[in-house]
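Got a structure for you, questions after.
Note that the chains are named A, B, C, D and E in the order they appear, and that numbering of residues resets to 1 at the start of each chain.
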Amino acid sequence: DEVIGLITKTETNPFFVKMREGAQAKAAELGITLQTAAGKYDGDNDGQVAAIENLIAAGAKGFAIVPSDSKAIVPTIQKARDAGLKVIVLDTPLDPMNAADATFATDNRKAGQLIGEWANKTLGDKAKDAKIVFLDLATNQPTVDYLRDQGFMQGFGIDVKDPNKYGDEDDARICTHEISQGDQEKGRTAMENALQKCPDVNVVYTINEPAAAGAWEALKAVGKDDGSVMIVSVDGGCPGVKNVQAGVIGGTSQQYPLKMAAMALEAIHTGKLPEIDPAVGFFDTGAQLVTAKPVDGVPSITVEEGLKLCWG
Amino acid sequence: MSDNASGSGSAESGLAGADQSVASFDETDVGLVRRMQGFLHQYPTSIPFIVLLVGVVIFSIAAPGKFFAPFNFSLVLQQVTIIAVLGIAQTLIILTAGIDLSVGAIMILCSVVMGRTAVVYGVPVEIAFPLGLICGIACGLVNGVIVTLLRLPPFIVTLGTWSIFGALNVWYSKSETIRSQDMQEAAPFLQWTGSLFKPYDFFSKTLGLDWTFLKGWVLTYGSIVMLLVALAVWYILNRTAFGRHVYATGDDPDAARLAGISTTKTLIGVYTLAGFICAIAAWVLIGRIGGVSPQAGQTANLDSITAVVIGGTSLFGGRGSIIGTLIGALIVGVFRNGLALSGLELLWQDFAVGVLIIVAVTIDQWIRKLSA
Amino acid sequence: MSTEPILQARGLNKRYGRVVALDNADFDLMPNEILAVIGDNGAGKSTLIKALTGAVIPDFGEIRLNGQPIAFKSPIDARNRGIETVYQNLAVSPALSIADNLFLGREKRRDDWIGKIFRTLDRGYMQREARQKLSELGLLTIQNINQPVETLSGGQRQGVAVARAAAFGSRVVILDEPTAALGVKESRKVLELMLRLKARGLPIVLISHNMPHVFEVADRIHIHRLGKRIAVIDPKKHSMSDAVAIMTGAMAPPAAEAA
Amino acid sequence: MSTEPILQARGLNKRYGRVVALDNADFDLMPNEILAVIGDNGAGKSTLIKALTGAVIPDFGEIRLNGQPIAFKSPIDARNRGIETVYQNLAVSPALSIADNLFLGREKRRDDWIGKIFRTLDRGYMQREARQKLSELGLLTIQNINQPVETLSGGQRQGVAVARAAAFGSRVVILDEPTAALGVKESRKVLELMLRLKARGLPIVLISHNMPHVFEVADRIHIHRLGKRIAVIDPKKHSMSDAVAIMTGAMAPPAAEAA
Amino acid sequence: MSDNASGSGSAESGLAGADQSVASFDETDVGLVRRMQGFLHQYPTSIPFIVLLVGVVIFSIAAPGKFFAPFNFSLVLQQVTIIAVLGIAQTLIILTAGIDLSVGAIMILCSVVMGRTAVVYGVPVEIAFPLGLICGIACGLVNGVIVTLLRLPPFIVTLGTWSIFGALNVWYSKSETIRSQDMQEAAPFLQWTGSLFKPYDFFSKTLGLDWTFLKGWVLTYGSIVMLLVALAVWYILNRTAFGRHVYATGDDPDAARLAGISTTKTLIGVYTLAGFICAIAAWVLIGRIGGVSPQAGQTANLDSITAVVIGGTSLFGGRGSIIGTLIGALIVGVFRNGLALSGLELLWQDFAVGVLIIVAVTIDQWIRKLSA
């Protein structure tokens, strides 16, 4: 009886729940046992370390993991590989990336860049005196957080200074960075506070779609749901794509968690890894911009296409 | 033995004609300070209120123009509403010397039950909403029954049910978000707590009063629900027998039992009521985020306990008040909002919140000592 | 002593780990008598009355109220049957006010419709009553009836507990050292109160170390020693000195009256 | 009374909100005397001795020890100056054992090098001592010296507190109703103990409602009423009845001795 | 007044010749059950141990072959080590009727101080390591001083310092993780707690003993450090005057003060010692993850409190033990590990953890009652 593991960051984020559903379907198809685990919060390294150890104890063939702390987990992954387990990293690459057997992920910087470029081109001339609010993830800036944030800035044409850190820029168009913890309620509070500082905001970058939904409620409450403010996000979950359709979110970079998980299980089960471009270093499961208002020079898919590919 | 000692009988003969007057002392010293002291001594909940005012003054200076504005005050009120409602539930529990780690989980579970039943399963909101309330009552009842019948520490029980309710949430919600738009279509009533009440419009329309000073003030109906819940619980605690039993149970459970109170009934009542209030919080939550998000409210437990403790309620039970909790929630809300507006770097905002919490409670204790 | 006892116990046992607090103890309370229970510190007197009132569940042994076997599960059961007790540790709620404590568990609601619908308490009534009950006990130094009990002096606190039992006992009143912390004047009032209750037909159990008090009011004296009743004596036939001698083991219990 | 007082207070005041507990109270304890303090419940006796021993900080007023003005910040200060007190609420730690309570705050370390280096306690010694001290008080019913104090009977608990004060007082011993919960035998032992301490040269303050006890051992009697000392009388010159009459306000304090 | 009542003097004449013997009762009933009861009554910490054993048996059946193996037991021990060490610190605080919400933050801050100072700033580990320990002591001291001098509730104080220490962590660490490889190069000593101790090899090498039953068992030095810390704190609590003062302070602070204990000194000592132990936990943490992760340990507070409470220590202070906490941490570890190996769906694992925690403590209370 073959055991393969899947370890995600948390258990409640729909992104990971869908990833798990994808893995479950694949496991049933392959006739293997899937053992799942998750951290207790986004950033919980110790929970993931214990999960890996338990998989070793369970005699698993290998596992896929979305690392909470891309550096701190490395020695434990090494331990698992030494014990003969195949390890495939999903969503958030390790540092160094080659510490895993393979990485299947969204290119988060690119995901940010896509919405940044789209926002910039959509605004056109107005882009040069835009007022931008950033609803980021957490004070300690985990990888996804700065990758998407800095990617957006690069796409929008802002000088990012240190590309692995936000908050050090001096572009006048940046009005404020607020913390949303990727949560809808906290996203709303963050947007409310941002509105106090930047009453004339017209672009809102959000770390993910729950934060975007919260921001929308805050904007709606002050009558700024009239199209004067553009929200961009990352995820491409079904509620998010529907929000694009409804005009709540202007554009979102869609990720493909089910694909990541299914591919990973297949690869561990068969022992055959897909072709990986050495220049990138990981298998890019792709990020596509979903928007109802495509602009030239920024590849995008329609809402209808997005809805077909969406998760959760 | 002295020759005077001839039993208690002889001593008592001295009692004839004993003074029957009640002790009384002249209250001559009635300067302003003493009157202030007397006031604070009699109304100790006014003390955290003073601390709150101090906070408001400081931030009005630190973030000029932005912080001190009717609109911003309305915002702060909206931002603290959920934690305040949960804080009321938590106050009830903490007054009995318990603690409830499951309030956040109950709230999410009930919001999922209300929202998903109505929107995804298409059940009329007239049924889905009461179902959500029953969910809260049931969760609270489970807590209460385990705490009393198995005689386990509330910390353990609610730690366990936190896990259990959380699992049920994942199971029932399938971790799927419900969008504000879908909610608006299927069950707008659930969003009502998020809609705005404008006192100026209200008074000018209904009573024809042109109270311009009210212009700019807005309230969500959620905030009004919060105030009503607070009022009701205040009444229960202070004006009914059940309320007295809550205090007695928390103060000294053995004494309460010996005095003939059923601490079991009291505790089950408290946990159930708290569960019901968590369900109300779920309604307020839906109003605030427009829809349902199964991952919301993860810090709600600690935040609600914080509001209670800053509001002056003792974690050891038997001492505290609902008004304190409301003010406690507001104090934290004002600090967070004020610091966010102050433009301080995020990292130093965290630092400042920590310092301010300690300072606030220090001032509180200091005034209390002066007025003792 | 021909009538049936109101409250009776046979062969009560209670042990705490290696400590035996009750060792086959018997007990009889006759109608309309004041029964004193005396004994050394640690003899098991308080444990005995706790066992009788449901505050402690005996390991084994039988209790009868009016001849009916009973098994109180909690002090509430006993109270519902009209047995009112002042425990030695007083059982007051420190943070609650004097009035709250007096009416704890039988709060008075307002008589009007508000009271009926909203279950509103009649606080004015309870405060007035509380003040009066305490004055009856001579506790005149209490200046503020809404003062929390924890701010009262030792004797005032005891007064609150005694006033509560006296006000509500309807079948049996049990007092565990009710005057230990009371002054001369206040003790006298409590003794008078006991005689008044007895005149109203209530039987009373008084635990006390104060021999003059015991011999003044008791109709019979139950002597407890090392966890059991070793004698019941008639205070008119025995001297205080005898009682103390029996209680401390200096004298053998009188044969006829030995339990 | 020509010698200087050991412990003296003038004009002590203490109010709690609207309640005045001490109202310009004076106090004098002479060398090698037993001073009794009597007064109604709530008269302010306990507050007085708390103020004298640093357990309560008076609002104003002056305290002198051996003629030196002092301002104790906490009971530790008083204890370090050799004043040992049994408070009315006993001040024992319920969950700790009898032995632990007796030696609380002055635990005995082992004499050997282990004790020096690792600060190991000499538990055997403390247990033996504790057992002996309690036996001296006649508390023979204590079966297990390692029993937590909360499992003791009311009287046993009081015995522990009294034993502690008696064992360690070096300059003044203050006892706030030390025999309230004690049996006849045990009370007798405490009175004997007080006389023994006095014989050792220690002055003692005894607060008690038990007039026979007071008149038996006291050299002088301080009468407290409504927060102040209203008289100091000589038990050889006045009867118990007089004392009670003065204390309750039935009789005017004797002019010469009025404080 | 009856004519017998002629004063206490006359009553006391009966005292002559009073029985001087100590009460004693025949201990005839010494059946197995009673002896078991006696044992459990005298050693109440053996009760959670029984619960732990029950858990082990159940999972050995539920996850056959996988759970009951030396390797897996070693794993569980490694997994609980950090929480157990923090739990020891937390036990000290909770025994004084306090609570420390900052233990997790202190641990992370100290691990960052140790690791970053050594690896990034290149300071020799002989200095960086003590610096980390001093960091812990300083944090604890800050908590202790605020709690005692300002007389604030520990909940508030440590909630505040949690924020403060967290901000300092972000500031000093710049949120940068230190990789294991870099650590190994610059300061391998800090990783020592993660290296393996193999009892079989040890005994065969040093003593030439061929204890085959030890084969397969491994321990990290971190686990050994944990045991040593537990032993030391157990000793302090039970065999020194300071330890007695800790219990007395938590049991009834007023009584302790009246009895002449400086509760201020005791509390400052306790918080400082707890801070020091958190710094030791930081060392263990570095060993466990190989490097330093500035965002680790967010649930450490709750987890450590859970271990303490499951271990039978009262949140109201004065009652509890270190051994209980170790077993409490192990119970949770065994549940989580066993459930993970059982192959249950994640959601139902959470559900089961909740149920098992409640069941475990129910059994514990039930045995206690039987042995009372």
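Going forward, a contact is a pair of C-beta atoms (placed from the backbone, for glycine too) under 8 Å apart; a residue touches a chain by one contact, two chains touch by 3 or more.
These numbers were taken from a predicted model, which means no experiment stands behind them.
Among the remaining chains, C is positioned farthest from chain E, on the basis of C-alpha centroids.
In this assembly, the C-alpha centroid of chain D lies 40 Å from the C-alpha centroid of chain E.
Inter-chain centre distance (chain A to chain B, centres taken as mean C-alpha positions): 36 Å.
With centres defined as mean CA coordinates, chain D is found 44 Å away from chain B. Residue positions of chain A touching 2 or more other chains: 11, 41, 139.
Residues of chain D found to touch two or more other chains are 16-18, 20, 42, 89, 140-143, 184-185, 210-212, 226, 244, 247-248. Contacts with at least two other chains are made by residues 1, 5-12, 14-15, 18, 21, 23, 170, 347, 350 of chain E. Applying the touch definition to every pair of chains gives A-B, A-E, B-C, B-D, B-E, C-D, C-E, D-E. Across the complex, chain E meets chain D through its residues 7-9, 11-12, 14-15, 18, 20-24, 235, 239-242, 244-245, 247-248, 251-252, 254-262, 318-319. By the touch criterion stated above, chain B contacts chain D in their complex at residues 1-2, 4-8, 10-19, 21, 23, 25, 27, 38, 41-42, 372.
Partner chain E is touched in their complex by these residues of chain C: 16-18, 20, 23, 42, 210-212, 215-216, 226-227, 235-236, 238-251.
Residue ranges on chain D touching chain E, taken from their complex, read 55, 74-76, 79, 85, 87, 89-96, 100-101, 104-107, 109, 118-121, 123, 140-143, 164, 184-185, 188, 210, 212-213. Here chain B touches chain A in the complex through residues 66, 72, 75, 78-79, 82, 166, 169-170, 174-182, 194, 196, 285, 288-291, 293-298, 337, 340-341, 343, 345-347, 350, going by the rule given at the top.
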